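Below are two complexes that have subunit A in common, paired first with subunit B and then with subunit C.
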Partner chain A sequence: MSGYWSGILAILAINIIFAYGIFVTATAGQLNLGGAGFMAIGAYGAAMLGEQLGWTPALTVPAATLLTALVGIGIAFPVLRTRGVYMVLATFAFAQVVTGIILTQPALGGAMGLVVTEYVDLPVLLGVAAAVTIGVFWLTATRLGLAMRALHDDELVAVLMGVPARAVQVAGFAIGGGLAGLAGALYAHHFSFVEAQYFSPLLSIYVLLFVLIGGTQTAWGPLVGASFFTIVPELLRIGGSWRYVVFGVMIVAMMMFRPEGMVTRTLLARLMGRRRHADAG
Partner chain B sequence: MSAAAGVRGAHPLVVSAGVAVGCVAAIAGLAALPGGATLAQQVVSGLMLGGIYVAVAVAFTLTIGVLNFLNFTIPTMFMLTGMVAWGLARHGLPFTEAWHWALALPPGIVVAILASLVVERFTFRYLKTRHGDATEHAIPLVSSLGFLLIFEHLVLIVLGSDAQSFPVRFRLDWQVGPLVVGLPQLASLLLSLAIVFWLSWLLARTRTGRALRSIAESPDTATLLGVEVTRIVPVVFLLSGLLCGVAGALFVVNYSDVSPFMGDHVGTKAIAAMVLGGLGSIWGAIAGGLLVGLLETLGIHFFGGDAAQVVVWTVLLLAIVLRPQGLFGGSRIGKGKL
Partner chain C sequence: MPMLLEIEGLEVRYGRTHAVRGVSLGVATAEVVTVLGANGAGKSSLLKAIAGAVTPAGGRIIFDGADVTALSAPERVKRGLVLVPEGRQILVSLTVHENLLMGAYGRRDGDVARDIEGIYARFSNLAARRDMLASVLSGGEQQMLAISRALLARPRLMMLDEPSLGLSPLLVGRLFELVRELNRDGLAILLVEQNTRMALRTASRGYVMELGRIVLDGPADRLADNEALAAAYLGSH
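The block that comes next holds the complex of A and B.
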């Protein structure tokens, strides 16, 4: 396999994990536009643990994931006080504060970034991405996943039926934050370099788009969304800015014709040949 | 205080006139203090920068207040004005160097307004589609992110990614004691405030304004009472395009440089200004815009650029969590929907 394609596969694996991080909160009805902030905490956490304490990636990656999950819990309590546009803005502000702090702390490398010496190879990334995918599929099948889906569809009814809304939403932020942190930690170890500029608002926007375009109804959504928007531009060999123009046109067209995302429950039911069931639902 | 109540009557005008007189007196007092002149100069620059944020923040707050829609293409309109004007001045306008900006900027504003109407056609018309779950409100938001990518990268393709100097040979400085006030800056602050005042008059006193306020209250009731929602909604986009276009033109006149990314910085600061002022409140956006301009220049003066960013966004995060209605906003707006 050429270096070109292994680079794309690495980005794909990281994007898939990151997209699942945003998906888990979105599936409970919360839009997180601060994904880059969580990813940055994971990346810098892994980098600092590796460089300062000499830990191996086998330790730094789980530790950074745990750290980001804890940050997710911590940020969930204030953020869950807000709704709708305010939540989008609060998570956005959170990411801006994180990158702002990184830029102002010389210990974190400031604008120069940090070099990460320990290297994690591509097969590990692909393995983790596969494990995360299976894990999220399993999660959506559990009672917690069902509670999240109920909150997403109608919060009031879910609460009336006895779903502990706050606990489920905090769990969503913890798992989602942890996965975004995991993506960041793997990014740091694979590309051996982290800089605050990478974790820009645009990154948060892209990953949220992967999830919303892929579809938030089923766990196929982020997988399809992230794969589609990472691989198709490469296959089309569209260079530079045209790629983003095509991406933008696809987003607008998608929202016009298929606003629930590429993969919906109805589509899956049809593919499985359960047309009658789909029509009933 | 709701969006509608916030713009009704002359009361806020009297208040803002009082605040303006107070500000001038405070700056004069500060400048008179020993060593206060530098700080007073920062305050003056902060207010001038804030004038540009005011226009963009009002565009944001108008779209949220009336349509409950966070329109991410607003920074792009700002950028389009500057880049299109620069492109015209560079490639298309046979005119003397000294005044080409005056010819190039109005077409830039027109392009911004047209782009804004295109966005309306392809995003907001689909908000009314009902799909029966919580993410339906994300549709225009996501579409506007798509347009953000399209416009920004089309500009990159046509005009390149470099920051360009767009010199405006129109430098008149006004020396007031120890302070230097750029006349274009002062004029632009006054112009952006004038447009905002005109807008609040339009909302409060005209037929179109009444229709807009009725849609803000309840689109369904407005339709029942004979407001043609599909005819009135483009007015919001026309106005926000106009506000961003004027803000972009003023930015060019004052700071003499353009880049395809010039909207990002101003856009995020304008969102911060809108939130501080309260979503849907025009007077809040004015106060918020001037406040963010001040926070930014004073933050840079005292702490340096990156730390100022931390200060602004931490204040914003706290404001959203502790006082989501902002300084003047209604708590109703932006809650249930995206």
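The block that comes next holds the complex of A and C.
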């Protein structure tokens, strides 16, 4: 495999994990436009633990994931006091504060970034991405996952059925934040370098697009969305600068004709039905 | 008869709006009680406050002898105080089966699967659509699903907010038949309705609310004969 394609696969694995982080929070009904902030905390957390304390990735990655999950819990409380567009703005502001802190702290490398010595190779990234995918599929089938989806549909009804809304929403931010942090930690160890500029508002917007255009109804959505957004722009490279135009038009068309995302529960039901038919015939 | 639910001087405020003003009422074990009144009389706010979905500004809610005023909605559900809210009560991105599972959310016992099978035996339409999204159900089926879901919480008192809203006369008849059936099995029911005539025919007692206050109460047959009520609420029926 060429270095070019292995680089794309690494980004794909990281994007899938990152997208699941946003997806889990969205499943419970919360839009997180601060994804880059959570990812940055995971990346810098892993980098600092590795460089300052000499921990190996086997320790830095879980520790950074846990740290980001705790940050998720911490910011869930103020963020959950807001609703709708204000929540989106609050999460957006959070990410800005994170990059602001990184840029002004010399200990974190400031605008120069940090070099990360310990290397994690591609098979590990792909393995973790596969494990996260399976884990999120499992989560959506659990009691907690069901409660999250119910809250997303109708908070009043969910509460009247006995769902402790606040606790479930905080869990959504904790798991979602942790996964974004995991993506950041793997990014740091694979690309051996972190800088605040990478964790820009554009990154937060992209990952939210992966999830919204992939579809939030099933755990297939983020997988399909992240793969589409990572691979298609590369395939369009042959078209030169026109690729941005083509890609933009594709996104707009998607939003017009399929606002609920690429993968919906209805689509899955239809595919399953057809397969059952094929088995019978 | 021992009172299962007792409300004393309940107040609900939304900002400057005073939706419920000093309401006191009671529901006995295995009794059907109806609350009538025009739109905006405060009936839905009353039910939401009893269920714990809104915090009352004053008053007490006693359920089964215990003061539940400070308990959260999920804790009240666990005690058997369950509200079927008005309007779109269906979780549309969940399947019929998942909706039913949500009804049993607060339960930790092993009988949930058996109880769901019982629901399917009772409502064959739901059984036939168990793996479909609940959004494909008709209005009547959605109401049956909402009530079935509430039943899976093992309620001792079920509150129904305008269950007949938007249903055809045939389905309204079936709905009230179901309410009577559930009551015969020992379930206490607090019913808020616009369909005054059907509600008074089903309930043993009734309360009439106006602008947040209870203005009239008594046995259902007496309320049905009351001319003031007839003029105000039964005129169109």
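Keep this in mind: the second predicted complex is superposed on the first by the 265 of 281 C-alpha atoms of A that agree within 3 Å, B and C clash if a C-alpha of one lies under 4 Å from a C-alpha of the other, contacts with A are read in each partner's own complex, and residues count from 1 in each chain.
Here is the rule we go by: contacts are C-beta pairs under 8 Å (C-beta built on N, C-alpha and C of every residue); 3 or more make two chains touch, one makes a residue touch a chain.
Note that the coordinates shown come from a computational prediction; the quantities given were computed from them, not determined experimentally.
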Check your understanding: Looking at the combined model built on subunit A, do subunit B and subunit C fit side by side or clash?
Key -> fit
Exercise for review: Check the residue A:244 against both partner chains and state whether it touches subunit B (first), subunit C (second), both, or neither.
Suggested key: first
Review point. Between subunit B (first) and subunit C (second), which does A:127 come into contact with in this model arrangement: first, second, both, or neither?
Key: neither
Review point. Does the superposition put A:153 against subunit B (first), subunit C (second), both, or neither?
Key: both
Practice item. Considering only touches as defined above, state whether A:81 meets subunit B (first), subunit C (second), both or neither. Key: first
Check your understanding: After superposition on the shared chain, which partner residues are touched by A:265: those of subunit B (first), subunit C (second), both, or neither?
Key -> second
Review point. Which partner does A:143 reach: the first (subunit B), the second (subunit C), both, or neither?
Key: second
Exercise for review: Answer with first, second, both or neither: which of subunit B and subunit C does A:7 touch in the superposed model?
Suggested key: neither
Practice item. Report for A:54: first if it touches subunit B alone, second if subunit C alone, otherwise both or neither. Key: neither
Revision key, fill the gap. With subunit A at the apex, the angle to the CA centres of subunit B and subunit C, rounded to a multiple of 10 degrees, reads 90
Exercise for review: Check the residue A:161 against both partner chains and state whether it touches subunit B (first), subunit C (second), both, or neither.
Suggested key: second
Practice item. Between subunit B and subunit C, pick out the one touching the greater number of residues of subunit A. Key: B
Practice item. Taking the superposition as given, tell me the minimum C-alpha spacing from subunit B to subunit C, whole angstrom. Key: 7
Check your understanding: Hey, what residues of subunit A end up touching subunit B and subunit C alike?
Key -> 152-154
Study note, to complete from the structure: subunit B residues touching subunit A in their complex are 64, 68, 70, 72, 122-123, 126, 129, 131, 133-143, 145-150, 152-154, 156-157, 264, 268, 271-272, 275, 279, 304, 306-307, 309-310, 313-314, 316-317, 320-321, 324, 334-338
Study note, to complete from the structure: In the complex, subunit A touches subunit B at residues 26, 29, 31, 78-79, 81-86, 88-90, 92-94, 96-97, 100-101, 103-104, 110-111, 152-155, 201, 205, 208-209, 212-213, 216, 240-242, 244-245, 247-252, 255-256, 259-260
Study note, to complete from the structure: Within their complex, subunit C touches subunit A through residues 51, 53, 72-74, 77-78, 82-83, 85, 88-94, 98, 101-103, 105-106, 131-133, 149, 153
Check your understanding: Tell me, which parts of subunit A touch subunit C in their complex?
Key -> 143, 146-147, 149-150, 152-154, 156-164, 217, 265-266, 269
